[in-house]
Every structure is written in C-alpha cells, then in structure tokens.
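Below is one structure. I have some questions about it.
Note that the chains are named A, B, C and D in the order they appear, and that numbering of residues resets to 1 at the start of each chain.
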C-alpha cells in the first residue's frame, strides 16, 4: 500500500511553505504504508499536471495534499473541493484567475473520501488543535484538491481516498504579526496522525 | 548573580499553566546566572506573600514573573504594572476583587526595569512571535507585577531589574478552540532568550 | 416580478435573529420587484417544508435566504451550498444531526445563481463591509440554501436565481463580547442593495 | 458647567477619523452641560499645545478626549495613561518617537478620573458594545491623555475629571477587511451616553 503526500513551494512572497516543510519531515513509512512525497508548484496551470504525473508514476492507494492556510488556528482537514478558481493574489507564475471554473464539465464540488472527523479526533488526542473545515478557499489549494477528485473520478479509480489538509503558518513566518501559528514538530505530528487514521479507517471499513 | 523566575499554578478550570510548565523546563544556569524557580498561587491575597518570602530567601539580583495570557499570539514582555485589582473571574481562593487598589499609598503604576524592546528582538531572532505589551491586565498577573515593583521600591533595592512576561496558551489547552497557542519548547526557548537578554543588557549598560 | 426573501427565528439561546429583523425592515417593493417575506424556523426538519410551502404559494422569480453568521465582519453572500448537515449545537427542536446527507440522491453541492461578486461590490459602494463567502457552514443556514437549490433543480424551474446571504450579529447581541457586529440599518441597507443587484443583474444578462 | 470634547483629524493614510466625526455630531448641550468641541492634530509635538490652548480658552469642568482604536470591537473608556511615546508609524508631521518619555519629571502613569465602569454600563444599556480598556497604546491618543492629566495635576485643578475614550473604525473604513467596526450613529449615541454618565456621576458623588 502506498500514500502519495504532496506539499507546495513557497508563495505570496514567503521564503518557506509549512506544507513543504512538513512533507519533507514525514517518515518514509507510516502504519505500514509507503509514504511517497511530492512538492507541487503554487501555480494554477502547472499544479494539476505535476499531480497527474506523480499519480501515474506512483499509482498510490491514497492521496493527501497538504497546504498552508495562513490565519487558521489548527490543522484543518477539508470536507469539500469546489469547481472554482478565484485568486485574490497572483500565483507563482503571475496568473490570477477570477471566477473561473476548473473543469467546465465537472460537478460543482466533490466531497473528500478522507475520514475528516476521525482525523480531527486523532490530532486532538495528541494535544494539537484541529477542526474540520468546509472551505479550502478558491486559490491553488482548492484547485489541487478539486483536480485530484476529478482525476480520481475519471481516470484513477484505484485511489481509494483522496483529500486535503490545511496547516497554519509556522511561528517564524509571523514573528511580529497578530496571527496564529503552529510549531513544525506539532504540524508534522498532526499530519502523521492523519495518515495513520486514513490507513486505519480504510481497513476498519 | 541570581535571577528569581516565577510561574503560576493552574487557574480558571485549567489543569495546567503554561507559565508553571515553562519555569519548570528552564535550566538552572543561564548566561552564567543562577536561575531560582518559584511557583506562585493564582490567589490575589497570597501571591504577594509567596513572592515576598522567595525574595527574602533568595536575595535575587533580577526578578522575572511569567504568566499565561490566553488569547495572545506571542511572548509579550509587559511595560507597566498598574495599581488595580479588577477580576472578571474568581481566583483560586474564590475571591474576585473589583476596582480595588493594590497599595493604597502606591503610585498609579510602575514601569518595568526590564529591557522589553531588546527582549522582543532576541525572541523574534529565534523565529518565535513576540511583541511588547502595554497592559498586564487587572487579574493576578498584574497584581504580582505591581507588588514586585512596590517591594523593590520600598524594601528590596538590591533587585536590579524586575518585570513580567506573558506567554500564550499551550496547544493542548485549546485543541478545539479558535485560539492562538505556542508550543512549550518555543515558549521555553523564548523565556530563556529573555533571561539571557536581561543579564546581558545589565552588563552592557 | 417577485422575490421571496426569508429570515430565521432566534436560536442558540438568543432572543432575536438579525436576519428576521432585517427581513421585517425591508420595503415591499425594491427595484420594481415585489418583495414577499417569510420567517423560517431554525429547525432542520421543518425549514425545508416551510420554504417549500412559501415557494408553492408565491411562485417567486427570485429567492433570497438571509441568515445570521455570528463572528463574521461583513455581509457575506454564499457561493455554494453543500449536501451535509453537521450541527455543533441543537436546533430549535432539540435535534442535532451529525454528518448526515441532506438529500441522499442530491449532488455534493450547488453553486448559487446569484451574482455574488456584483452583490459585494454594491454593498461596499455604500460604505458597508462585504465579502464573498465560500462556506455557509453545516447548520440550518446551509441546509435551507441546499434545499432551495434542490427544489429549484427538481421542482421549481421558474426560480431564475436563488441564494443565501449571511449577516453579522447585531450590536445588541454582543455588547460585552469581543465579536464583530453590524447596525440593523446597515444590514438592511446592504440586503436592499443586494436585492437591487439581483434584479438588475438579471435584466442585464 | 462645561465639558471640552476633543477628536482627532485623519491619520495613517485614512481620509476620515471616526473620533472627529463623532465629536462633530454631538449636540451642544448634554445633561444640562455645555459641550465645546475641539479637533486635535494627530501630531505628537502639536497635540499638547492645541489641547492646552483649548483648556485655557474654555476653562472646562470636564475633559473628554475621543480617539480611534482600529481593531477594537466596542467603545472603550481608558483607565490609564502612561508616560511613554512609542510610535509604530509616523504621525501627521512625519515624526515617529520611539521609547521616549512624555514628561521627564512626570509619574509613570495617571489613572483617569472618569467613572469608566459606569460609562461602560450606560453604553451597553443602549445595546452598544463597550468594555473598559487598560491601555490607550503608545501613539498620539495615549500622549494626549497623559498630557491632559499632567496639565490637570500641575496647571488646571479646575478640571474635575478628565479621560479618554476609544471608538472602533467606521464601517466605511473597513469595507473589505476582516476588521470590526461601529456605525457612526451608534458611536455618537455611545459617546453621548458617556458624557451624560460623566456629568451625572459627578453630581452623585
């Protein structure tokens, strides 16, 4: 069994991306499942292709995309991806789509197959803040989550479950801001627990 | 040279107090200065006495009180203590003073002698959020900070510098709340850096 | 032409609901369109039926549901309704569905037909805070928004556009809380502008 | 009897200042007391002089300074002014004092003589959010509040009570920001109630 876990490169003027940092910190095996890592560029037009190529190459059983959600207080698994790009700032290629569909023939939204309630419970059990989220926004994070679901539905039925988890800023990103943050060690523990829960939940159900 | 560092016991229904946890984690020597630790009860009527006894016993050169400020985003050295108890909830002895002076013949407020700007810079240099604060509130934290200044001014002139630093909630205290928090390791690193800065600043000035 | 505008009764221990108050304040004609008002109970099991009956009775051209979103800073038109009831507190009938589909054979989500970007622009032009929202939550508000879309898609094709707008607390609901609020006059002006935009946009497109 | 009420001109790139707007809206008599209005420039070096001249000219019995506190949720009477200028941004003359005393021979702080608890109660009774504040910051607002107290203590003993009240942003200042705001009518009602309370409290005590 294999899980493909993706992070993003830095964007919006930042020099690091907590999601990329966390993915790099993950062990190569969690709960008996091989963890394959992939960094995705924070670019609308390329992110889907990079994800597609990684899925073709790795043929994973599970897919977990991790991204940064500045301003959030805890680790937030996303319930749903929506068929909309609407960027309030440019991506890393300087593109800023406004109010555009991601897939013209796709449904309005896809629910994740991840057990979001159980993931939150497993993270909170470690003393780390976590809440279910009902919006992944309309930037590259939601775009990737939607593309993953669209690919799973139309091309890659071997993916048993796919989904997205947002993590807060790292403390070093907000040293003089009134913004919540989470230590890298806690974010990494939380994502590791999430992966354990994804795998365990699959075998239990 | 010796620094007396105090924390508090848990209050307001909590089972832990980050300040007590951090103080317990501190090494016994920082920057060549002996670190003496003291837990203070979160009780208006007793906190001053416990602090007084510790000062008499230890005769410290520096005094640093550490307390929890739920809702804050970073480590916040306090500029000033004010001559007012006004509790929005009961302390650990069930007492809730409202709009009362701490010392009927004391001044309205005392500035700290700690180098708060330099402390903030030293903590931020570690990638940990920190800001100067201009209010320690009107609960037991401000009470202890004021009492310390009043004692220093009237009884313990050997204390070269005294002050208070607030730290955020620990993550485990707010796992399902929209509240900022800080990992214990970061809070401990930050308070350690603050103590180094207090000592260094004294020798530099 | 006719627009059906709904609000809710008070819930969660409150004695008023800003949405109900605003709906009551609306004039009976806006931009030449007749405004019909309906209060919906904050009850999962009844809200859909009350809405259904009002649509059957009124045969409206447009449908706008208004609800309270405590904690929000501005008037927030919702982009999307999702097929999920997940209540963190009981509704007014004491029911608290957790992780349940609204319509077992419905799609995961429906986008609104309302011109949300234009609505926001028209409200901001009045000096009133407004932002597009991508989540209506998982309580009765989202439930009603989803039910409205499901009815429109399956039973009431004469509804040209339907959607939901959330408004903040009224000031009187949060006099001693650190919570944003909006004056009733501003909320009413904002919803009036939204209705004008809905009607105008329809004729322009 | 006479009360001098001051507001500020716009600063920090804004085109309006809610405090100036509210002061302009006040009636000329409240609770039988003459209301005299004065706009103070948001300039450290001039604000004290303008205030001083107005006090000399008007010989008021009461003094109330009103200022904007962006980010606050309610009307917040200030308990205390501190002897410190520390500007995080330039004032309207381009000056940005850092860590400087306001009066080299002044005390660390002055408590207000205003009945802050009663003022908050009177504003909340109108359904308008209000809380006591323990910090007026370290920008021109605190500067003016401190200067007023210093002048009262040393030069103008005829001022029975002086103090400062902060009000939130107006809605039009934050139409696309996640920032709390308060309608001008509510801010004006709140400051009017505060003045009534100041006068009434004086006669009651």
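Note that in this section a contact is a pair of C-beta atoms (placed from the backbone, for glycine too) under 8 Å apart; a residue touches a chain by one contact, two chains touch by 3 or more.
For reference, the UniProt names are A, B, C, D = Pyroglutamyl-peptidase I.
Treat the numbers as computed from the prediction; the structure is a model and nothing was measured.
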{"item": "Each chain counted as touching chain A and chain C at once", "value": "none"}
{"item": "Copies chain B and chain A - interface residue numbers shared by over half, same or different", "value": "same"}
{"item": "Centre-of-Cα separation between chain D and chain A, whole angstrom", "value": "48"}
{"item": "Chain C-chain D separation of Cα centroids, rounded to whole Å", "value": "39"}
{"item": "Residues of chain B touching at least two other chains", "value": "none"}
{"item": "Chains touching one another, given as label pairs in label order", "value": "A-B, A-C, B-D, C-D"}
{"item": "Residues of chain A that touch chain B when the two form their complex", "value": "73-74, 123-124, 127-131, 170-172, 174-183, 185-186"}
{"item": "Interfacial residue positions of chain C with respect to chain A in the complex", "value": "79-80, 82-84, 86, 99, 107-111, 117, 132, 134-135, 137-138"}
